[in-house]
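Order of writing sets the labels: A, B and C. Residues in every chain begin at 1.
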Amino acid sequence: MSLLSVISLSKTFDGVKAVQNVSFSVEPGVIYSVIGPNGAGKTTLFNLITGIYTPSQGDIRVDGASVIGKLPNELAALGVARTFQNLQICMNMDACENVMVGAHLRLDRNLFKAAFRFPALARRDRALKQEAEDLMRFVGLENYLTSRADSMPYGALKRLEIARALALKPRLLFLDEPAAGLNPRETLDVDGLVRKIADSGVTVVLVEHNMKMVMNLSDRILVMDYGKKLVEGTRDEVRHHPDVIAAYLGA
Amino acid sequence: MIRRYLGLYVVAVIIAVLPFLIPNGFYLDLAIRMGINAVIVLGLNLLIGFAGQISMGHAGFIGIGAFASAVLPTHFGWHPFVALVAGAVLAGSLAALVARPIFRLKGHYLAMATLGLGIIVNIVLRNEAKYTGGPDGMPVPPFTLFGFAIDSDKHWYWIVSVILMVSVWASINLMNSPFGRALRGLHGSEVAAQVVGVNVTRYKVAIFVMSAVFASLMGSVTAHYVGFVSPSLADFGHSIELITMVVVGGMASVFGSLVGAVLLTALPQALATFEGWETVAFGVILILCMIFMPKGLVPTLAARFGGRRE
Amino acid sequence: MLAQLLQYLFSGLTIGATYALAALGFTIIYNASGVINFAQGEFIMLGGMLAVYFTDAGLPMAVALPLAVLIPSLAGLLMARLTIEPIKGAETITLIIVTIGVSLVIRGAIQVWLGKGSHGLPAFSGDIPIRILGATLMPQSLWVLGVSALLVLGLWYFFNRTLSGKAMLATSFNRGAAELVGINTGRVLFISFAMSAGIGALGGILVTPITLTSFDAGVMFGLKGFVGAVVGGLGSGLGAVVGGLLVGVIEAFGAGFLSSSYKDAIPFILILFILFFMPRGLFGVKVTDRV
């Protein structure tokens, strides 16, 4: 069964059709990319699948069960994690705390046990801190283990978002332009990181403009234009498809 | 781990030596009122500073606690302890009832709704004169526990001190726990908190109810300590005073709450020499503080002197 | 019965017109700067108190009243320049605290200067009531309603037909874009505060012969004006006018039929109901967050 199935999905904002009748499915263990020009509806698609927007029409299924109407936190409980194109870092917290928030659902969140610092909870919290630091090392943030989030450079914050999403222990990870705004060197690092994440067993859905990275990583690619599905297939199918060449080269 | 509680030890030392330095009853009374305000402000800061949600009607909850402790024992013969719990339950339930719909709203709407709630409580207290004594207020019987009446200022000093210490300790713990990080997280980015699984409405409601209960309990303590309650405890001006303490001391700062409460409780005394100008002076201090230290005293000073923020 | 209903309606509309002007003040400043100005009520008080002071000092109405509008406007301008501009873009709560600070300064200063007593003004066209279907309408109410209506029309013209007004509207939609096309958003801020203060003061003057005024009269006027602005959906000019009038009328009917001692609670009960069931007010715009 597909891990994620999107079926005839549409979203309209005040008459503007941002996503129109898009269908695709993502098998477990793959890296799946969504590409297309700016305004093609890629981020809207992500927002629909992760519960931030409610679709106008169509269905979204995780493990075959419809998730329409579920809130983002309910989707998180199903193992769906994501990062944001416009950074959503909690600047009022330490970098490490940002990652620790990511583990929210796996923790004992009882208010009273927390206030009176029950020993079991305190122990678990210390273990969590260790875990969060390991995740920061995993994404290459070993130099920022004690930093405040608001003192970190842009590139590091993008990785911090990935670490936070990984703290959820997701099955399905949505990365919204992880390489946007990065220099070539950093982009290469992110390329390697996404591969490492996929190798650890997380299914990755990627929105990205960097074609080299997309072609290097993706098992399958969905090309969108004006909110519609243009082409879907393996990277070779997509690379040589006349419509894609036309859309990208403007021919 | 030790550093986390460093400030708590400092507070403990101050509390322990203060009674020996205080020259007379006037200052003891001031110290007790500072302590009471500090606990309320701490609870409010969890809501405003840490979770980023405004309440402009918090004095209403203080009023509920204070009048529960005055009305229930006086008119219905309830034991003061039961009355105190009843007040807290009432304040908490009212907060919970109102919070669910309110916390779907943002910023200014939230300010409006909480403000309205506080004003309604205040007007009810003023109008139900048969029970509350109306605008003039009413006396409160002393608090008794196991047959002992707590009626000396010395007793109250130690009781308030213990409450304060426990509150500070619990607040530090709470904010460094999964619960607290979720709250601070939704302040930093609501959508980010949501996508990692935080049920944001539930957390906002929980902290709002908790700080309402804090306020109600301390309202009861105030009532028994002063021996008298009046509806002005619950008025808009008092709500504003409390927010001011949060903001001047430092949002999202546990020790900022204490500093804010101490300074602004003392301020009217210090300004009493200004003969009628105290309102103006209070206003000017507020404005200057917000313009030159928008983060509040404690965080600003901590940053200035390179200290780690608590 | 009809006479009684009519009577409540008259007094509700009269006081509601003042709330509407206060609500417009909130709306204009909110649109120009995103600030909720908790000092708005003080400008209403300032208008009334200054009008009393100048007429007591022997100035003719024709001089006293314009002065009582002009001085609060200048105070509004000063407030924007000294307290709001320096902290542009601060957190909502910081801005709210600053405006509360300003309200304390104004209220405290008036208390020291003019004392704690209540003051009235003579009605502009005498006290002979007009009888309509058994209800009485004071001529002063006509003044309140008439001037408010003119003011609303004037504001509508300003925001929809003049360049400065359109510039202010543009700023409220998108500050960045407004700056790009050369609108001086700093000036927009100053104008909005001066205008709101002036409008509030005018309302305060008009209503003083009916309700009396004192140094602390501004608090409730301000809060109820805020209720009016939120009832109408924060940011909507039409909403503010309708909201303010509605608050006044419901308050008058509530006081008449339910309980006059709970009069002041009625607007706040109303706002809680509206926020529960129509979270964006009657005319509010739906905002979608961008992620």
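Everything that follows uses one rule, which is that a contact is a pair of C-beta atoms (placed from the backbone, for glycine too) under 8 Å apart; a residue touches a chain by one contact, two chains touch by 3 or more.
What you see is a predicted model, and the numbers here were worked out from it, not measured in a lab.
*Asks:* Indicate, using Cα centroids, the chain positioned nearest the centre of all protein chains shown.
*Replies:* Chain nearest the overall C-alpha centroid, as shown: B.
*Asks:* So which chain is the furthest away from chain C, centre to centre on CA atoms?
*Replies:* Ranked by distance of C-alpha centres from chain C, the top chain is A.
*Asks:* In angstrom, rounded to a whole number, how far apart do the mean CA points of chain A and chain B lie?
*Replies:* The separation of the two C-alpha centroids amounts to 41 Å.
*Asks:* Taking each chain's centre as its mean C-alpha position, how far apart are chain B and chain C in Å?
*Replies:* Distance between chain centres: 31 Å.
*Asks:* Just give me the whole-number Å value for how far the CA centre of chain A lies from that of chain C.
*Replies:* Each chain's C-alpha centroid was found; their separation is 48 Å.
*Asks:* Where in chain C do residues touch two or more other chains at once?
*Replies:* In chain C, residues 291 touch at least two other chains, as defined above.
*Asks:* Of all the residues in chain A, which ones touch at least 2 other chains?
*Replies:* Counting only residues that touch two or more other chains, chain A contributes 52, 84, 88.
*Asks:* Residues of chain B that touch two or more other chains: which are they?
*Replies:* 191
*Asks:* Quick one: in the complex, what on chain B touches chain A?
*Replies:* 170-171, 173-174, 176-182, 184-185, 187-189, 191-200, 206, 210, 252
*Asks:* Under the touch definition given earlier, write down the residues of chain C that touch chain B in their complex.
*Replies:* 30, 36, 83, 86-87, 90-94, 96-98, 100-109, 111-112, 219, 223, 226-227, 230, 234, 259, 261-262, 264-265, 268-269, 271-272, 275-276, 279, 289, 291
*Asks:* Once bound in the complex, which stretches of chain A touch chain B?
*Replies:* It is residues 50, 52, 71-73, 75-77, 81-82, 84, 88-93, 97-98, 100-105, 107-111, 114-117, 121, 125, 149, 164-165, 167-168 of chain A that touch chain B.
*Asks:* For chain B, which residues count as touching chain C in their complex?
*Replies:* These residues of chain B touch chain C: 48, 54, 98, 101-102, 104-105, 107-109, 111-113, 115-117, 119-120, 123-124, 127, 191, 236, 240, 243-244, 247, 251, 276-287, 290-291, 294.
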